Each structure stands twice: as structure tokens, then as C-alpha cells.
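Below, subunit A partners subunit B and then partners subunit C, in two separate complexes.
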Partner chain A sequence: MKKLNRRNFMTLAGASGAVLAAGASNPKKARAIGGDVSFANGGRDFSPVTGKERKAIPTACWQCVTRDSMMGYVEDGRLKKLEGHPGSIRTLGKLCAKGQAGVNQVYFPDRILHPMKRVGKRGEHKWKRISWDEALDTIAAKLKPLRDAGTPELFMYQYGRHKASQAATMYDFMGAFGTGTIGNHTSVCEAGKWTGQESLWGGMYDNWDYDKTDFVVNFGSNQFETHTNHIPTSQRLIRAMVDRGVPLYTFDVRLSNTAAKSTEWVPIKPGHDGLVMLAMINVIMNEGLHRTDHFKYMRVTSDYHATTEQKVAGIKEQVAKFTPEFAESKSGVPASKIRDIARGFAKAKSACLVTYRGTVMHYHGADQERAAMLLAAITNNLDTPGGRVMGVGAGWKAPSTPKAKVHKSLHIKDGFPGEAAFPTHHVSHQVGPMIKDGHAGRPKVYWWSCYNPAFINGDNKEWSSILQDESIMPFLITSTITYDESSQYADIILPDVTYLERWDWEDMVSANQIAEFYIRQPLVKPLGESRCQGDVWPELAKRLGFELAYKDKKDFVRQSCEMTPGVKEAGGFDYMMKEGVWHDPNDKGNYGFYAKEVDVSGDGVILDKDTGVYWNHKKAGVGSDAKYLETKGAKNAYVAQNIDGKALSAYAPNTSFTKSGLLDFYSDNFKSKGLPPFPTYTPAPEHVAMGKDDMILTTYKVAVHSHSRTTHCKWLTEIKHDNPGWINTKTAAERGIKDGDAIKVKSHVGEITTTAYVTEGIVPGVIAISHHFGRQHSGIYGSGKSNPFDGGASADPDAKNMTWKKHGVHPNAVIPNSSDPISGTQRWMDTVVQVSKA
Partner chain B sequence: MASPENNMVEMAIARANVYGLLADVFRDEPSDALLSKLREPEISGALKALNLSLDDVFECTPQEQLVENLALEYTRIFIGPGSHISPHESMHTEARMGEPNALWGEQTVAVKKFMEGAGVTIADSFSGMPDHITAEFEFMQQLLLTECEAWKNGEKELGLNILKIQKRFYDEHLSQWVANFCNKVIKATEQPYFKQFTEVTKGFIELEKETLQELIDEAQEGDRLSA
Partner chain C sequence: MNKIDTPKIGRRDVLKGAGVTVAGAAAVVATGPEVAEAAGTAPRWAMVMDLRKCIGCRACTVACKAENDVSLGRFRTVVQEKTIGEFPNTKKGFLPIMCNHCEGNKEDGVPPCVKACPEFPGERMTFNTADGKKIRYRGGATYKRPDGLVLIDSELCIGCGKCIDNCPYGVRSFNPFVKAGKAPDKQAADKCDMCKERIANNIDPSCVNTCQGRARIFGDLNDPNSEVAKLVKEHNLTKNVLLPAEGTDPQVFYIDPDNMLEKLYTKREKGKLDHYVDLIP
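On to the complex of A and B.
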């Protein structure tokens, strides 16, 4: 036979095709292969050593708030690997580096595995192992007298990352106990963003419709490295850029990896995002590039009944002073650049306006978010395909326990009197200082979980001293997996499970506007004596004399699956355990909800002529002559908004703002508190008063760490364990600082020493320091110190292979707790510091 | 001028056809209809281009008798009873874990996992095991048809990925045993039909090594040019 080559092969192929086409080769043919070729993006895994298939369990991540659905692979009872869930419409089978390193959470050598009680002084690190029974009996003995005395509010619980069923079970217990003194952490996260949105939308959480967009402008979001909805959104943005050539313009003080991957990085001075947006609005309005499609849902002056022409004139008047040249003089962004990007944004078929901490963690940050919403709205890119849209998450139903007859709160969650006008997500960073102050009362029992107040808040050393003081904080409980800056002061330490050992249902927002229901289930049996809080609450409730509506966390999730429409019909708990995720295949996505016509013929529904709101006066418990805005609780009786003679659902008030169904770009709420009713430019007072040698300190996140919950993960800390201060070449030269020099960073609350990273990748006059490092404790990998317990790091051979000696510095020691007067959000990006060579 | 995508489509169809025909050759005893089709000029011409010919087969024996003879030969060579050449990979390669050759051996499991990874399984009606030569060839045919659709739809990344999957299957399986198997058959068979198609099989599998690499290089080059 001749050797086959490309030519005679093609002859053979042609002949083969003819035989196959004739169907002659095998009339009684039984095909060998069944099904069609389809490539799953994962979902199975095999041991590289034995070749055996590992047990695959669908679950959900918890390394950050994105909470990706994922697959865990288990071999011989040990968790070996985590990957994205291939069936998830949110994550599309992807999982970030942090998520994949979740394996380290379960097995890190310094993990807390047993209940303990303090036997030395606070901070002396003397502990005695106790049983769970003793721990719960001790706690019940502290809590029961508070409840019996009618002072349940003296029990305070504060949490960091609690969401979905983890939050629902906690709130259920606290409701049954009777305390509303429940603190969160959102003010150190992005509270101002939500407050700004709520004043307009009624609700909150923006999603960016990258799958359909044509143009993206990003202010202060490091989206490609880390983000509140990182994996679902970042991959879609990358895909839009690569596949469809969508441009991305990133305004940031720092050349983040997101800025570096953008079409263009536009350096901007801290706190000026809103001003540049107002200048863009100025350009768009004056050049007639605006689109009025959404104007009927907008209110831009005090007049609820203004025509479109009046609204156009009103916006022009409000932004007249914010010319690109004025914005350039303050922000450092060239006027020509502002004009170009404004025109591109307005002319694009659809466009996304992105903001995050860089925009909102400032003085009047909430107002800067309002400017962002306005920019999106005037270009018809608000709640339209391809634009900035209100996100949707899964709406789970869940069992609930009746609330206690006596239910009270200490008023220590919303900051000091006058500190914040609309703390809709509370002022968590001031909880400690307010307890110290004492005027609003002090809890007798303070319990925190998945939270590290002595590390994550501003002026963290002050927080540390508050926790240490038994006269201020008489009894402290923590549920934790790691010994850290806060748990070192606890009276009782309860060993929490990791998220890879527990049950939950999850509900994080989808990037494609279709809600995804998903669950978390244990991949392995909890290590040691660690116990899920959802299992602890029912045990503690029994000791306190009441029963909860579920017997343990698994039961809570099971009941929820059987109660939730859609999930129930798909097969309920059994289906979710097997598949992990569910979405309605007929869901077309959450667009145009505001244009839905509403029946206003119901009993008690009346039209408030002043505002155009249809509301149910009977539901509000008032007469038909009452005014909507003047009636307490009227927002709960909102039915619809009269728009062009039609009753439309519009933007219902569903948070603490009482408002009409219009987007309140002119806000009576703001005006009533002496705040600017229309988005404007309000510089931070301390920036206006800055001296010649002063600098502004900003913080940021890197791709491989969360704020305080990952430095003990060795795979991540090996990659990133130090955080030098970024400083511009010119600024450094003025101070005689060279790259790698030791530098001092000083503010009015403290001083730290770090090293200088001298770069053109940051605007002059700013120093940027990431906020993950400088751990006092966090296990051997995070701090270099082993926990003060037996075993621990010595058990892990990798601890001897650590290649790094540096563990960074924590910038929070020089950042005061300082709130945005609108939202109460912590102003991470406003601190004035002095930087000098050490 | 043919576009790079058209070339990829053409090659995918061509290779799918050959895999499809060879899968049929080893699947069953040849039917009367197949033999009639083979007598047509198209296939005989293709074989002649390779210096092969089935003329002797057809000239010496009436077709009805030939069908019977080939059925007996198929049984003798591939089925048994007694000494035969099993058309299963696990009977021709040394298992990694040192297990003796056996049906449903380590390689069978590996092929099954590979196929399942691509979303397909062995059909219930198929009597062979996953590493049967027909199953492996048909699997490649299925991959190629999917690859073809990818190129037609402009899904270049998917097209390239499927080529890489084929190469992996070729490297881990087909290249490990098919030529060796063919040598045994060529030596043992007394029928030109099996001898010649087995020679074609061996030649094709050897050609596949360079074909796959060339196609992957072409696809990657095209990807770079379009980036």
C-alpha cells in the first residue's frame, strides 16, 4: 500500500463519505456511541495519583460576598479541590483564586476546633478547653436573666459576612429572643452606595448588563481583581471587550489591574468621581446628546408634575457650573477627556456606568452615587438592556419562629446623634466607640461572628482597647474559626464551622438579570468539635426556654426548599442537594419592571394629587383626606405612580426613604436634612484645608485576599503577603523617598511604618495601601505567629517552607472612624496623612 | 480563495468520513449492500490511488458467497471462539498500574471516562466495550462533526479546543494500540477485504499524528492573525 498523504487521503475521504451517505455500510448498524458531544465546563474530577473519580458535591463559596456556586471534590473524606459549578448561570463554571483556596480554610493548622473559656486576663492568651454543654450553659446563664428582666436588647450580636440563610437563622433566633441590637459591617463596605441608590430606586443593588452593553465607564471599581459580584460580572465584561470590542474607561487614583486592562486608565484625584460625572452630564445636556425616554420616571426639581422640557431645563441649570474645565481644575482629569468620554457614553447604543468604593467611600459619597444614577438615567441607560440595571437575586421562603413579646434595641447602630442623616445600612464602625461613650446604653453580652472589629474598622487600635476593657464590655462571645485580633479578648470562643462544612441556601444577585437559587452543603464532616451556628441556635433556644421553627440548619434549608415556589416543583431539597442550582427556564430577565401597569381599583386605593402616588390609605390606617408624604408609614401603602395618566409600578419605596414612585434626583428627604436635594459637588472639608505637604491615604483590595478572612490561607498568602505604600514618582522625589525606602505614614490617630513602592501608577499627592495585612494574629501564614494552643502550625510541613518573612502593615491604624454625613459610610478614602522617610 | 475556516470545515468532514467508514468496517460483518457499494468506481478508485484493490475479492467469488466468507472471517479474527484478535484497546496495551491485559481493563475505564467527559456514553445497543475500535473511531467521528459545526458557527476557540481533545485522545489511546492491532490482523487474515482495509486503517492512524498537529498549528495561527 502507498503511504497515505494529504492528497490520497482526501480521495479516500470522499469515497468514505459516499459510502456513509448511501447508508450501505451497515444496514443493521448499532451505533457504538450514544448521545451528542457536549463539553461541560467541569463538574467531575479525578485523583491524579489513583485515577479514581472523586466524589463531586455542589455547594457555594463564602470567601467573599459573591458566593459563587461551585463544586467540591472529596477523596477519602478529605476535601481536595474546589471549582466553579458548570451548571450555574451566574458563574458559568468559573471560580476565582480566593475561591479555589477555600480548601485552606478547612485544613489550616491554627484553626480553632474546640470551645474554650478565657482563664487569664483579656489578651493574656490563657484558655481552658470546655465542652459545648458547658459553653452553652454559660452563655444561657448570661442571656436568660436579660430576657426574663425585659431587657433583651442588652444582648448585642454583630456580624461581618452573614447573608441568606446564615443571616435568616440568626435574625430568627434574635427575633425570638427579643433583641434588635444587631450590628452589621456594611458601613465599612459600601453603605453609601446603597443609600444613594435607595433615595432614588427605593431599593438597591445595581447590576451591569455586560452581556448586552456597548460601552463601559468605570469609576473606582477594581472589577477584574475583586468585587462584590466579581466572577459573574468580570468574566462578562472581559467577554464584552474581547468578543464585541466594547471599550472600558476606568477612572481611578491608582493603576489597578482593572485600570491596566481597560481601554484607558484615567487618573483622577480622590473624591472627585461625582464631579466628573456632573461635568459629563453638563456636556451631554448642553450638546443635546441626552435621551428623554426615562425622563417620565425622573423628578429633577421640586415639581412632581414637570414636563420633559422643564426637566431638561432643570438639569441643565443644576449642572451649569460643573463645566469640564471646572472639573479639570479640581479632579485633574483633562476637560477634553471628560468631553470625549461623555460623548462616547451618550452616543453608544447602550452603556454601563460602574461605581464602587473609589466613588462612595468619601465625604458625601452617597451623593456621588446619585450623580452616577443621574448620568445613567439621562442617557436612557438605567434599567434598560445593556445599562445599569437593578439586580435580582433568589427570593427564598423560609420557616420563621414567632417573635418575642418584648422586642427592643439599643440605639447604638446608627452612629452618634447627627453623625449621619440616612444611615440606612447603619454605622457599624461606630458601634464600639458608642458603647465606650455609653450614653445610648451598653450591651451586657456582646457576641460577634465572621467579624473582626479590632481589625476591620477604622482606628482599629481604639476598637481593640474597647474590647479589652471589661468595664465597658462585660461579657464577650465569638464564633470563629481563627484566633485573631478580636477573639483574643473573648470570654468564650465557640469553634465555628467553615463554609465548606455547613448548610445554607444562597441568593446573590445574578449578572444576567435572571434569579438563581442555589445551596451550600457540607463537603466534609466538621473538623474537631466545630459546630454551625444554625445548629447552635436551636440548642441555645431550648436552654432559654423557647423552641425555634427548625431543629438544625439542614432542617432549615430543607424546609426552605420545600416552601419556595419553583424550587419545590423542581424537586425541592433532594433536587437541590443533587444539582446545587436552579433557575426558572422561562424567566426572561428583570427588565422594564417599572413600566408594569397596576390595578388601582382596590378598596382604599386613592391618588395623592401632590405626588401622583396611588396609595392605600386604609392600609396606612388614615383617612382618605390624608397626604401621602405626610403620613407615617405611608411608603408601606404605596401602590403605583401616575405617569402620563397610567398607574405604573415605577420605583416603589421599599427601604427607609418615604418617596414617590419617581426617581428622586430632586430629593425632599435630602432637603429636609439640610443636604443638597440635587446631586452636586461637595469636597471633603479636610481636603480643602490640606497643607502643602499633606497627602491623601486610600486603600484597596488585591485579587487574592478578602479584608480579614484569608491571610491564614497559605495558597493565597504565598502569592500576596506584603503591602507597600504606592507613591507617585514626583511626590516621592519631593520627599526624598526612593523605591523600597522605609516610610512613615502619620495621621491624627496614629502612625505606621511601611516601604515605598514608587510608581507612575498613582496620581501625585496620594498614597495607597491595601488593607489585608499587618495581622497581629491570623495563624502562622498570615502573621508568622502560631496560635497559643497545642498542635497548630507545627503539624503542617508547609509552615517550615514559608518563603516570606514580611507580613505587611495595617493602614486602619492611621484611618479614623469618620462617616459620610449622608449615609454614615466609613470614609476610607479621605484620610489626610503626612508621609516621610523613616 | 478558501478561507482558513473553510479549510478546517473541509478537513473535519474528510476525517469524520474516514473514521466513520473504518468504524463500520470493524463493527460487523460486511453486508451485501456494502460490498455492492464498494464495487462502485468511487471507492475502488480511492483504493487504487493507494495501490490497493478489491478486484481479486470480487472477481473470484460470487457476492453472496463472499458475504458468507467475510462473516466467517470476521468471526474467526475478531470474535472467536478460541484464539482471536480482540478489537479492544485494553487487550493490546500494557496497563499503567501493571494489571494483565483483560477485557474491561484499565484502558477501558480511561476511554469510558474520556467519552463521558465529552458528554457521550456507549449506547446500550452496542455489544462492544468502550475501548472497542469501532467505539473509539466513532467517538473521533462525533468529535469531528462537532468541530465542523464549531468552525461553521465561527466558534474558533471551541474548534481549536476540540482539535486538542482529539489529539489527546489520539495520543492517549489510538496511537497506543491501533497500529499494533492492525499488524496482527494483517498477518492473521486470509481475506483481502480485511487485509486491505486494515492497511488503510494503519496508514490513516499513522497519518493522523501529523494531521492533528498541523491542524492545531493552523488553527492557532489563524487565531493569532485574527486577534
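On to the complex of A and C.
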């Protein structure tokens, strides 16, 4: 047999070249493979036109907070294609539709590519292109006087999706400047979920261990379409179901794709997830299906020293009134169904209790999350393999600049006085209304990025009017890639890079309890004059008279790679640039963090007899006779919890809740604020007062869009650009509404007109409208009109092939900013509306 | 396939592994490709869609758009979805569809699109198999390669649209960015080519690569050890195809234990392509 080398193989293939058709003129195309060839699951890509291999660069997504590690493929300097990183333990080489459409973020024709200065009135859309020097000089001239006057807090920064090094560089700059007036967006996201968790296990972010689980019960999470850790978790869940026969029960008001793919969709009335969970707990406790393994970590009455028997009795007593029949009468879920699912959940070897926005974006949503934690705890499914586990992400080290001597904050981040008892993730939707109110002060400079307050908040028209009013908001800066509902009012627009043109280290939670370290690196040179904010901060700092600990974002990432244990030894920055991802190959997965034994022999460590907490009184700066719970800041001196005579790390108080190391299912914190100390059922007041013809409006996300950052992505908006209101066939018939009819949806803050999508896939009495659309400005693809700058439809030859004329309607115009009194979470799912034929 | 640590198989290794000889047998056939002498030397590319694992996420739809720079207003693959049943026992299912790379009817082995193409049969072509054999076949503006891929040669296309009209599945459309080679005032026909450049380099097609449920499985039906061959056998999928009565012999098979295929499939209306648009209601 003649040995073939590359050249004679080509010759061989080329021999038929003369008869190859033009479309296959490249001899490679005639090459055949077959037999037992294995196909690699990615890592390489080829031009379908030339057959040439594209340059492959590992990087990370940013279409949503999941931030998948991925590969970018570049051809002749142009980004052509994105795919999951085949070496990632999180994504396993997968990427979602949004991630795939990341290419559109770089090249959408309405992208802002130059610094712009407003020259007309706010909202007149009159702009002048300026240089970066002029832009930064202008900004420095506004900021420097604030810092010099000892009022750095009058500079406010607010962000949407900043994480990892994008957030770290921003916080570093703001710290060096001296302002703590930094707003986020979490209250419109899922803050109540974290508040509920923090009151118990001390931290936040539950992962669901689908690779090992045997049973899944899902309340209000549409994770097959969208989730904060979508690709890592969703793919594991569907494969667990099909490959291992794991059942999935989904409670949802709407037949989402997740509900559709579940073993069973269990329709439920909005706001009743917690009640059904309590009824499940009732069934499990009364039928003796609970497992007591975890009870030693739980506190279910005011007693810190209760026996397991006393705790069993305590839980039974608390949930006695929540019978399945009572739950059925309120939630619409049949009692028999509640019993069956409760039994299945409790008897499974391991089980995941899943919750998300459907559960928590309600009145007392944080309390409903506490019920979910209780259900997981009594079945020993908290941080155990196959259960609801504490998320594990990468812990990076990073350079930091010394903080300014004067460091202050305006108190406008946590809502109006008395609005929220525990706003542990702030009340971002009220920042605008609080600035308007003015009692807690107003920033003189407001800068936002990756954030669109006039679109994403409740009562968004109110937010819009606040941004438009120069007497309330005197100077506005935004770094953005899009002209949108908010940036239209800015005084200076800085052209941001897309995530595909910048450096970052990344740290999102793994689905398998093993931390993955990964980086984002530019795939192409920044378009136009766009600049990464991480490159802008050092420039701005120089103008303000201080130096940062890094010279640009790349330098920040480089330094971080060289100082982070593990990554450093693996080869640091060079390794990460080449490979993109790193995890410790010896890591077996992090479970049962609460069971770690702790040395309590250290100087100053004492046992607080009341609570069983070991704490360091010296660290807390008090005498050894002080009581733990009564000492201010004592939670920072927490060492361990006495569990059956052993000092264990248990559930340390890592957030603003002062608590013992026990899971506080009986919460003194809640009690002290007049909130229910034990999880209970508290219906939304407006639901109790509903009239016969009232309906509840809920919102949702679809698989192909993030909340507000993707409508200009043509490949996504082509698939979904309109958002009719889902309405049950029966409910529609009662109102004389037929499928496709124009309907009015009215609340006490406004009215919108949309079309009816009459379906059997929603609970009667509810209308569901996705919240991506109704864009005032989102370029040609998102809003049907170009922005006032260069570019526009003429910049993309594909724009003439655009087929859709509809751009939907924005439901936030009828949803008030209204907070959960526990967490301050925006109550997206509670709005009472009237729906009629338009 | 689909293992993360799959070793990269270079061209030389592939050829070695397949036992290449230079002097292969060759055969000339009139129209449809035939394998001469040593049957089974060419692969038969096929796709299995596991409907249990399709979650309707549309990653495949968009991956295909990017990979092939598919213009707006048309698709190379879509997911159809349908809601069935009455509340509260409502179901919703998802059906990914694409070019079936039909084998063609039993008589002549020519798929309907190829048969409809006025520019077929064209020149004589040679397909070199991995084991060094040559298979002769006929090219054309639309033609079937001996490895089963139904392909378009836009240089030979006259933009008549007959292949588009005659595909019972309606998976073809005009590409506004590519001129028909033989009639430059018209657009060339376009459709899924199974990412032929990727599979020529041992990389899964783009839609398969990104499918998080691993609902799309690609491989060689002629290789009994391939996952597709095993799945077709294990689940008895020979008849689990779209429009089996058409006699087109599709090479895209569906794992469908709940018998959803017919309920979910929105068929083409004659002369229209409205069914082949991915649109989430």
C-alpha cells in the first residue's frame, strides 16, 4: 500500500478537478471521509465559501449573565462565527441562540462608533461628533470639582450587566474617586431570591445538581429558554431527563418551553408557589417522609437548642394549616397533584427544588424562596449531591487601587424609607423616583452603562421623564453601543466596545460544583472609535489627578492571571490567552461546605451559649462577656457553630443578616421587622382585592432574547419581534376576544394596546406579555428606524431583506414600580389589569 | 462523537485508518450516484433528530444563520412548534426541520429537487472515497454526491426556481446575495449543505455542534459503529421521517416515541414557503 502524504492526496483529489463543477473547484471539497471517523465537537470552523480554516480564539459570551466560555472564529479580520468552548466544563461546548447571534452585536448597522455630544434639547436627537479627548476633558471638568469639594458621592454610576473584571475595574475606579453612589439592577432581576436565601444559608446563588439528581420540581423557572446559568444547567437537565429518566414537574402560569418539555406542566395561579411548597412540606412531614439528617443545622422556632423531635413538631405545627386542600383552593393546583409530587420529591434519592422569577417577583417573594429552602432542607437536599447546592464560581485575585480618603454615598440605592426591610441587593428601580423626590439628595453627574433605565424599570415612562428633566438630572453620561430609550437623553455618549472586542476575566458559577476560571479576549479590533470602559478609567483617572493600579483592561486581566492561585501555576496570562479556560483537575466538586470542622482554639474565640456560635470577641472589639447577637458587627467575627458538640463552619452569616450558623427558618431578623419569622402564605393585597373582571399581568423572556440588549440583533429579532398577550381561551371568550384581536391592557399607571394570542397554554385570568419589545429606539431591526448617527440601514445590505414590520409593545408602561416589602424586589408578576377588546 | 476529548484526526490518520489504496475502482453511472464494486466505501451522511431532547431553544436556527451567513427572510433550518390539547392538559412540541438530503425514489435514486433541475445531469464528476476508490457521478446545478449530500452549485444555477418548487419539504429558497452563475440577473437557489466544509474536516455541522440537548446527531449511516447507524437501528427509525409517502427516502430521521411527528409538522402549502420560517408566537 502506498503511503499517502498530504501532497499526493491532494494530487489524487485534484485529478478529478477538471471535471469538478465550479462549486466544488477546491479539490478539498471532493475529499471524502467515512468509516469510523469521530467528529470533534467544535474548536474549528471553516469558511463555507472558500473552505479556508477560520482563526479560532477562545473567549467568553456576554449576551446574558451566564457568560459562556466560547470560541470565536475570525476570517480576514471579521468575526464570522461563535460557538461553545469544547474544553469548558461549564458549557460543554454549547452556546444558545443569543450567544450564536453575538456576531450581530459587533456589526449591527445602528451601532454607535464615536463619542457624541448632545447639541439640541434632551430628546431632540441632535448630536455632534466629538473627539475622545474632548469627551473625557468635558467629563473630568464635571467630576473634578465634586471630588475637590469633598462631595464625590454626587457622582453616581449605575450599571446593568457588569460582572467579574468589568465590575472590578469600575468599582476600583469609583473607590479611588471616592463615590459609593453605585446603583445596580438586581431588584428588577431576582433580588428577592437572594434575600430569602441569605436569611438562611448566609450566601446566595443556588445551583441545581442535575448531573446527579433523581427528581426535579421547578417553580417558575423557564430554564430551557432563559436562566442566569442557562447553557450549563439547561443542557444537563434535558439530558438527565432523557438519558436517565429523571422526572421534571414544572409549576408555571404559562406553558413555557420548560413547562412543555416537563414530565408534567402544573398550571398555578400567580403568587402561589410558596403556598404549594408549604403544602408539600405539610404532606412530607405528616406522612413521615422527611429526612432528619439536616435538622441539626436548622432552626425552626425561637429555640436555638431544640431537639430533632421538637423541630419536627415545630415544622408540623407551622404548616398544619397549609393542607393540600387549602393550597388547591388558592392556587388552583389539585390537592392530589400536590400530594403525588411531594411524595415523589421526598422519596427520591436526591432531588432539586428549583425556583426563579415566577416564585420571587411577588409580594413576599423572598418568603416564598425561604419555603423552597425549607422543602430542600427537610428532605436533605441542601448542598448534597443531586440537590439544591451552593453555586461555585472562580475566585480571582485582582490588582486594586487605594481608596480615596473621602469616600461617601448618597442613600438613594435602597428605596424610600420603610419600603423594604432587607434590600440586600438594593432597590434599583426606585433610584430614578428617589432622585426625583430629592429628599436623599441628587447626583450632579449620573453615568450609566450596560443599563437602560427608561426601558427596563417599571413605569418606564416615568423614568424616561426623569432622565429628560435637566433640573433633576443635570449631567448625564452613558457608555453604550446602542441608541436607546435612555441614551437618547445623555449629554455625552461614549461609544463602548462590544464584549467581543474586550478583555475580561470571568467567574460564573459551574453546574458541576467545580470552579472554572476563564477569560474573554477581543476577537476583532474595536470598531470605529469604540473603547472599553476598563481602558477609559485609567485615562479619566489621570485627568482627575490619580493613578490606577493597572494601565488598561488587558493589563488588569494580565495581572489577575499572574496573581490568581491555580491559574498562575498553569501558565498565567499566556496560558489563558491560548486555552481560554482553566479548572483544577484534582477538584472533585464542592458539596457540604457546612460540615467542615473548624479550629476554635484561636485567641479570642468564645462560645456564645445562647446561639451556639463560636465567635471572636476580640475581632469584634468587645469583651468576652458580650453576647453575639447583641454585638454590632459580630457577624464578621463568626467562626463556627456548635453542632452536636462539634465546631462546624455551618451556615455562616456572609451578608447583612446577623444570624447564627443555623439555617434560620425561624428568623429573628424577619420578626424584628414585623415580617413572618417562619415561611408562610401572604397573598398580595391587590390580589385579595381583585374584582371579578380583573386579571393579573405577568411577563416573561423567550429563548432568543435577553431583556433589553438583543432586539438590534437581526437573527434574533427575525425569529421573535412581536409580543402578543397570552390569554386563555376561556378568559378570552368571556371578553369576546378572538385570537389576533387588538386588545387593551389597562392598569392604574397606564394603558397599552397589543394583540391577543388566545391559547390553552396559560392559566385563566392571567395575561402574559414578554418584556423585550415595544422599543422606542433599537435601530432598524429592533424598532424599524435608524438612529440619528451614521450607519443605519444603509450600512447592512441585509436590511433590505428584513421582513418584519411589527416591533411589539412594552408591558412595563402598565407595571408600577412596586417593591416586595421584604427584599425590595420589583413585583413584576403582581400587576392587576383590565383587559378588553380594543 | 461529542466527547470533549475526541482526539483530532488529521487527514493522514484518516486515510491510514481507512486503509487507502491509490488505485481505486471507478464506475460511471448515468444519473444517480452509485457505488461501484466495493459497496459502502463512501459515507452516507445522515442526521437523527431526537425529539425528546429538542427544547425549542433555536440555537440551531441561529447557528446556521451565522455559519452560512443566511440572509434575512429565509432559513436553512427552522424549528416548528405547536400547542396541542386543552387546558390544563396542554402540550407543546418542537420539530427541527432542514433539508432531508433525500436518497431519492427507489427507481432511479434521484431526489425530486435534482430531478427538477434543468441543469442536471451535468458534467461527469469523480468522488474519491477514503479508501482510495473512485465513484463517478453526475454534477449539475443541483446534484447528489455519492456521500448522500444533496448540493447546489450556484455557478451552474440558472435561477429558474424549479428545485424550490419541487421540494416537497420546501427547504429551498433564493439567496439574494448569490447570483445564479448561468443567469446573473437572477438569484441562485440555496439550502442546507450539512456544513460540508466542516464535515470535510471532521467537525460536526454547526447546528449539531451547538445543540444543547444533543437532539441533533450527525454521522455516517454506512458505518455500523456510528451513533446515527446505531440509533436508526435501535429505535427502528427507517420510517420515522417527514412525508414518508412521498418516496423521497429522507436521510433525516426522528426519534419520536410519543408519535408527535405528524401532529407537529406544518406542511408546505403548494407554491409557498410560509411554513419554513422560524417564528416564535
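Rule of thumb we're sticking to: the second predicted complex is superposed on the first by the 798 of 838 C-alpha atoms of A that agree within 3 Å, B and C clash if a C-alpha of one lies under 4 Å from a C-alpha of the other, contacts with A are read in each partner's own complex, and residues count from 1 in each chain.
Keep this in mind: a contact is a pair of C-beta atoms (placed from the backbone, for glycine too) under 8 Å apart; a residue touches a chain by one contact, two chains touch by 3 or more.
The structure displayed is predicted, hence computed values, not measured ones.
Novice: Thinking of the overlay built on chain A, is A:E53 touched by subunit B (first), by subunit C (second), by both, or by neither?
Specialist: A:E53: touches subunit B and subunit C.
Novice: For A:V103 in the superposed arrangement: first (subunit B), second (subunit C), both or neither?
Specialist: A:V103 contacts subunit C only, not subunit B.
Novice: In the superposed arrangement, which partner chain does A:W265 touch: subunit B (first), subunit C (second), both, or neither?
Specialist: A:W265 contacts subunit C only, not subunit B.
Novice: A:D45 contacts which: subunit B (first), subunit C (second), both, neither?
Specialist: A:D45: touches subunit C, not subunit B.
Novice: Quick one: name whichever of subunit B and subunit C touches more residues of subunit A.
Specialist: C
Novice: Could you tell me if A:L92 is touching subunit B, subunit C, both of them or neither one (first, second, both, neither)?
Specialist: In the superposition, A:L92 touches subunit C alone.
Novice: Looking at the overlay, does A:D552 come into contact with subunit B only (first), subunit C only (second), both, or neither?
Specialist: Neither partner.
Novice: Applying the touch criterion given at the start, work out whether A:G761 contacts subunit B, subunit C, both or neither, answering first, second, both or neither.
Specialist: second
Novice: Contacts for A:K714 in the overlay, against subunit B (first) and subunit C (second): which applies, first, second, both or neither?
Specialist: In the superposition, A:K714 touches subunit C alone.
Novice: Kindly list the residues of subunit A that each of subunit B and subunit C touches, one partner per complex.
Specialist: Residues 1-2, 4-6, 9, 12-13, 15-16, 19-20, 22, 24, 28-40, 44, 46, 51, 53 of subunit A touch both subunit B and subunit C.
Novice: For the complex, give me every residue of subunit C touching subunit A.
Specialist: The touching residues are 1-4, 6-9, 11-12, 14-22, 41-43, 50, 52-53, 55-59, 61-63, 65-69, 71-73, 83, 85-88, 90-94, 122-132, 134, 139-140, 143, 146-147, 151-156, 176-177, 181, 193, 195-204, 206, 209-214, 218-220, 222-223, 225-226, 278-281.
Novice: State the interface residues of subunit B toward subunit A in the complex, per the touch definition above.
Specialist: 13-15, 17-18, 20-25, 27-28, 30-31, 33-34, 36-38, 40, 42-43, 45-47, 49-52, 106, 109-110, 113, 115-128, 132, 134-135, 138-139, 142-143, 145-146, 161, 165, 196, 199-200, 203-204, 206-207, 211
Novice: In their complex, what parts of subunit A are in touch with subunit B?
Specialist: Interface residues on the subunit A side: 1-6, 8-20, 22, 24-40, 44, 46, 51, 53.
Novice: Which stretch or stretches of subunit A touch subunit C in the complex?
Specialist: 1-2, 4-6, 9, 12-13, 15-16, 19-24, 28-48, 51, 53, 80-84, 86-87, 92-101, 103, 224-225, 231, 234-235, 238-239, 241-242, 255, 257-261, 265, 267, 702-704, 714-716, 718-720, 724, 728-730, 757, 759-764, 797-799, 801-803
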